[in-house]
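Shared between the two complexes below is chain A, which has chain B as its partner in the first and chain C in the second.
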Partner chain A sequence: MWGVYLVGIIAVLAAVGVVAARQPVHSAISLILNILALALLYLMLSAEFLAAAQVIVYAGAIMVLFLFVVTLLTAGKEEQEAPEILSGQRWWAGGLSVAIGLVLVLILAQTPSSGLGPAGPVGTLNALGAALWGRGFPYLLAVAMMLLTAALGVLVLNRPERPSRSSEPGSER
Partner chain B sequence: MTATTWTVAVAVAIFAVGAIGVLTRRNPLIMFMAAEMMWNAAALAFVAFARQHHALSGQVMAFLIIATAAAEVGIGLALIVSVYHRRHRLNIDEISRLKG
Partner chain C sequence: MIAFVILIVKVLLLIAILMGGFAYTMLLERRLLGFFQLRLGPNRVGPGGLLQPIADAIKMMLKEDLMPASADPVVYRLAPVISAFAALAVDAVIPFGAPIHVFGLTVDLDIANPSIGLLIAFAFSSLGVYGIVLGGWASQNKYSLLGGIRATAQIISYELAMGLSAMGVLMLAHTANLEQIVLAQRREGWFWLPQIVPLLVFFITMIAETNRTPFDLPEAESELVAGYHTEYSGMRFALYYVAEYINLITVSGLWVTLFFGGWLGPGFLPPILWFFIKVGIVVFLFIWIRATLPRFRYDKLMSFGWKVLLPVSFLYLLGTAAFVSGVL
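This part shows the complex of A and B:
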């Protein structure tokens, strides 16, 4: 039980670090810490396969992609935030976000929660696969189509602007 | 406080902090990472409730969230890189006028 408390506090602190960091690289590193803490929480909540998928997909693939883009776009630059166009937008936005959090906390306080009770179904690969290929099959199909569409979308977004220009990476500079 | 309540409270906190990041930061990369955190918070709440109600469907939803986030990262980073190639500045206000 103390582990759940400790890992939760680490996750929230890392989340604050993501938002408060000045450099995007520091944000990315805090996000990796947040993701690893969440993977630990998944393990404690008997979601074994999800913990592994979180580490492999998020901390592995997605964060490597993030770090790659961050180093590509902000290498050797001092990042300063531009002056605001809308005055006071930050304060309004921060207040609204805190209000969202308060509403969620109110909902949480009214939700009845029994104890954990006996160990439920463990989210092993077998159990999750049976659920996905059984009742969750439409979701699986939808996600497959969505991933295909995303791959196509990335290709369309990064196609060369004019046919005369070569599409080799780095040739535009 | 039970483990479910604590975990959902952690998810709520991460969601609210992510919302603050999306709404107040100007760097599109940091905004995007904060949005990723909001996805993660939703997935954490799903897993916590799946544990409490002894139902595996919550974990299925969390799995779908991870897959959706992967697709979103691909598209979003492609958008950020392509905007950066045109404007050469990392500022979200550059995208407010989406014209060439």
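This part shows the complex of A and C:
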């Protein structure tokens, strides 16, 4: 049981580090630590495949791309604070996050927990595969379509603007 | 209690084997490169140069540990450790041999045997890139940074094809457990023949993942001095080397396990020796390729990864899926 608390504390501290760090790369490292701690929690809940997928997808791919961009942007730059556009947004953000945390704690306190994780091999590759490709297939399909739409949308929004035919010299030929 | 002791002994043994493997793989590479290039290579320290790794280790430990003044101290120190850790951790799930019986105990020759061993291996190996990109960034040197960024793009691109080419084996064996994959190959024959295309794709991506020639753009010495480890010296530099060579041994072990029956082999040699012999042959192939091929150009590397390896492995995966599910 103490393992869960230990990993939970690491996860929360790392999450605080993401917003508290001044240097974007340090934020990214904290986020990676947070992702790894979450994977450990999944492992303790006997969701083995989810833990591995969490590390492969989030830590192994998405955060690497984050770092790719962040290292490029911050290379050799001095640390300086950009002027705030919304005045007092930090106070609002802090107050709201404390309020949300209180609500979560209240809900947790009212919900009785029944041991750690469900019994049986629910988190294995076979069980998750059966759930995703069997009963939950429409949802999987919906998520896949949504991601595909997002990817196509990015491609469409970022395509180079086609020069209009009338303004282009020599296009009458 | 006894299981815990056995586990500790196994972990220590594995690290010792890997470190010894690292030292002598490096020596082997230097000697073989010498022969390939019609020179002798290091042959002065000890008989035939066999004590060269020890001399190198002492040299590395005694060297001054430098850090650039503008470097980020924490990340700079952390990066090589991440690289070495990720390289060592993958080996925990690779089965080195059939379970052996000592003093009435059955000992599995792997540290852990999770049901998703293959995915655990991919998870740890995907963390290795952080050592490179963070080291390159923390050095605050443009060549290091360029090396780190090249490594990121390259490893992300080739990881996809690597994962896809391993999926076919997973389907044929009906499991992601590496020991079960080896046992499935004892029943159904080694997977190299039915998976001949993924085998080649996996081999190419292995070279790219370990940043070796012809995919050594992250440390291309003709353009980037030494890439991401330009600023490192002493033991931290040595840690990057440890990570590189242990990665080499690890991916060779993974390849052998997936496609060439792991520790299976005729009965006149013990299984663990068969495993080491197969890994040794793959390591020799790696060195041979390094001595033979020139470096890729970066845009060709990218288009090769995305436009050739990825579609090919995806199509073969679809074919395998159709075959396994009985559609074909």
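Keep in mind that, in the parts below, the second predicted complex is superposed on the first by the 151 of 173 C-alpha atoms of A that agree within 3 Å, B and C clash if a C-alpha of one lies under 4 Å from a C-alpha of the other, contacts with A are read in each partner's own complex, and residues count from 1 in each chain.
Following the convention adopted for this analysis, a contact is a pair of C-beta atoms (placed from the backbone, for glycine too) under 8 Å apart; a residue touches a chain by one contact, two chains touch by 3 or more.
Please read these numbers as outputs of a predicted model, since none were measured by experiment.
Novice: Which holds for A:L33: it touches chain B only (first), chain C only (second), both, or neither?
Specialist: Neither partner.
Novice: Determine, under the contact definition given at the top, whether A:P24 touches first (chain B), second (chain C), both, or neither.
Specialist: In the superposed model, A:P24 contacts chain B only, not chain C.
Novice: Considering only touches as defined above, state whether A:A47 meets chain B (first), chain C (second), both or neither.
Specialist: In the superposed model, A:A47 contacts chain B only, not chain C.
Novice: Is A:Y139 touching anything from chain B or chain C once the two structures are fitted on A? First, second, both or neither.
Specialist: A:Y139: touches chain B, not chain C.
Novice: Taking the superposition as given, does A:L125 touch the first partner, chain B, the second, chain C, both, or neither?
Specialist: Only chain C is touched by A:L125; chain B is not.
Novice: Can you tell me whether chain B or chain C touches more residues on chain A?
Specialist: So, of the two partners, B touches more residues of chain A.
Novice: For A:F66, is the partner it touches chain B (first), chain C (second), both, or none of the two (neither)?
Specialist: first
Novice: Does chain B (first) or chain C (second) touch A:A11, or do both, or does neither?
Specialist: first
Novice: For chain A, which residues belong to both interfaces, chain B and chain C?
Specialist: Residues common to the chain A contacts of chain C and of chain B are 49, 53, 61, 65, 72, listed in rising order.
Novice: Name, in rising order, each residue of chain B that touches chain A in their complex.
Specialist: By the definition above, chain B touches chain A via 2-10, 12-21, 23-27, 29-30, 33-34, 36-37, 40, 43-44, 47-48, 50-57, 59-60, 62-64, 66-75, 77-82, 84-85, 89-91, 93, 96.
Novice: Residue numbers of chain A touching chain C in their complex, please.
Specialist: Within the complex, chain A contacts chain C at residues 23, 25-26, 29, 32, 48-49, 52-53, 55-56, 59-61, 64-65, 67-68, 71-72, 75-76, 124-125.
Novice: Under the stated contact criterion, what part of chain A meets chain B in this complex?
Specialist: 1, 4-5, 8, 11-12, 15-16, 18-19, 21, 24, 27-28, 31, 34-35, 38, 41-42, 44-47, 49-50, 53-54, 57-58, 61-62, 65-66, 69-70, 72-74, 79, 81-82, 85, 90, 93-94, 96-98, 100-101, 104-105, 108, 111, 113-117, 120-121, 123, 127-128, 131-132, 135-136, 139, 143, 146-147, 149-151, 153-154, 157-158, 172
Novice: Under the definition above, what is the set of chain C residues touching chain A in their complex?
Specialist: It comes out as residues 72, 75, 78, 114-116, 119-120, 122-124, 126-127, 129-130, 133-134, 136-137, 140, 142, 145, 148-149, 152-153, 155-156, 159, 163, 176.
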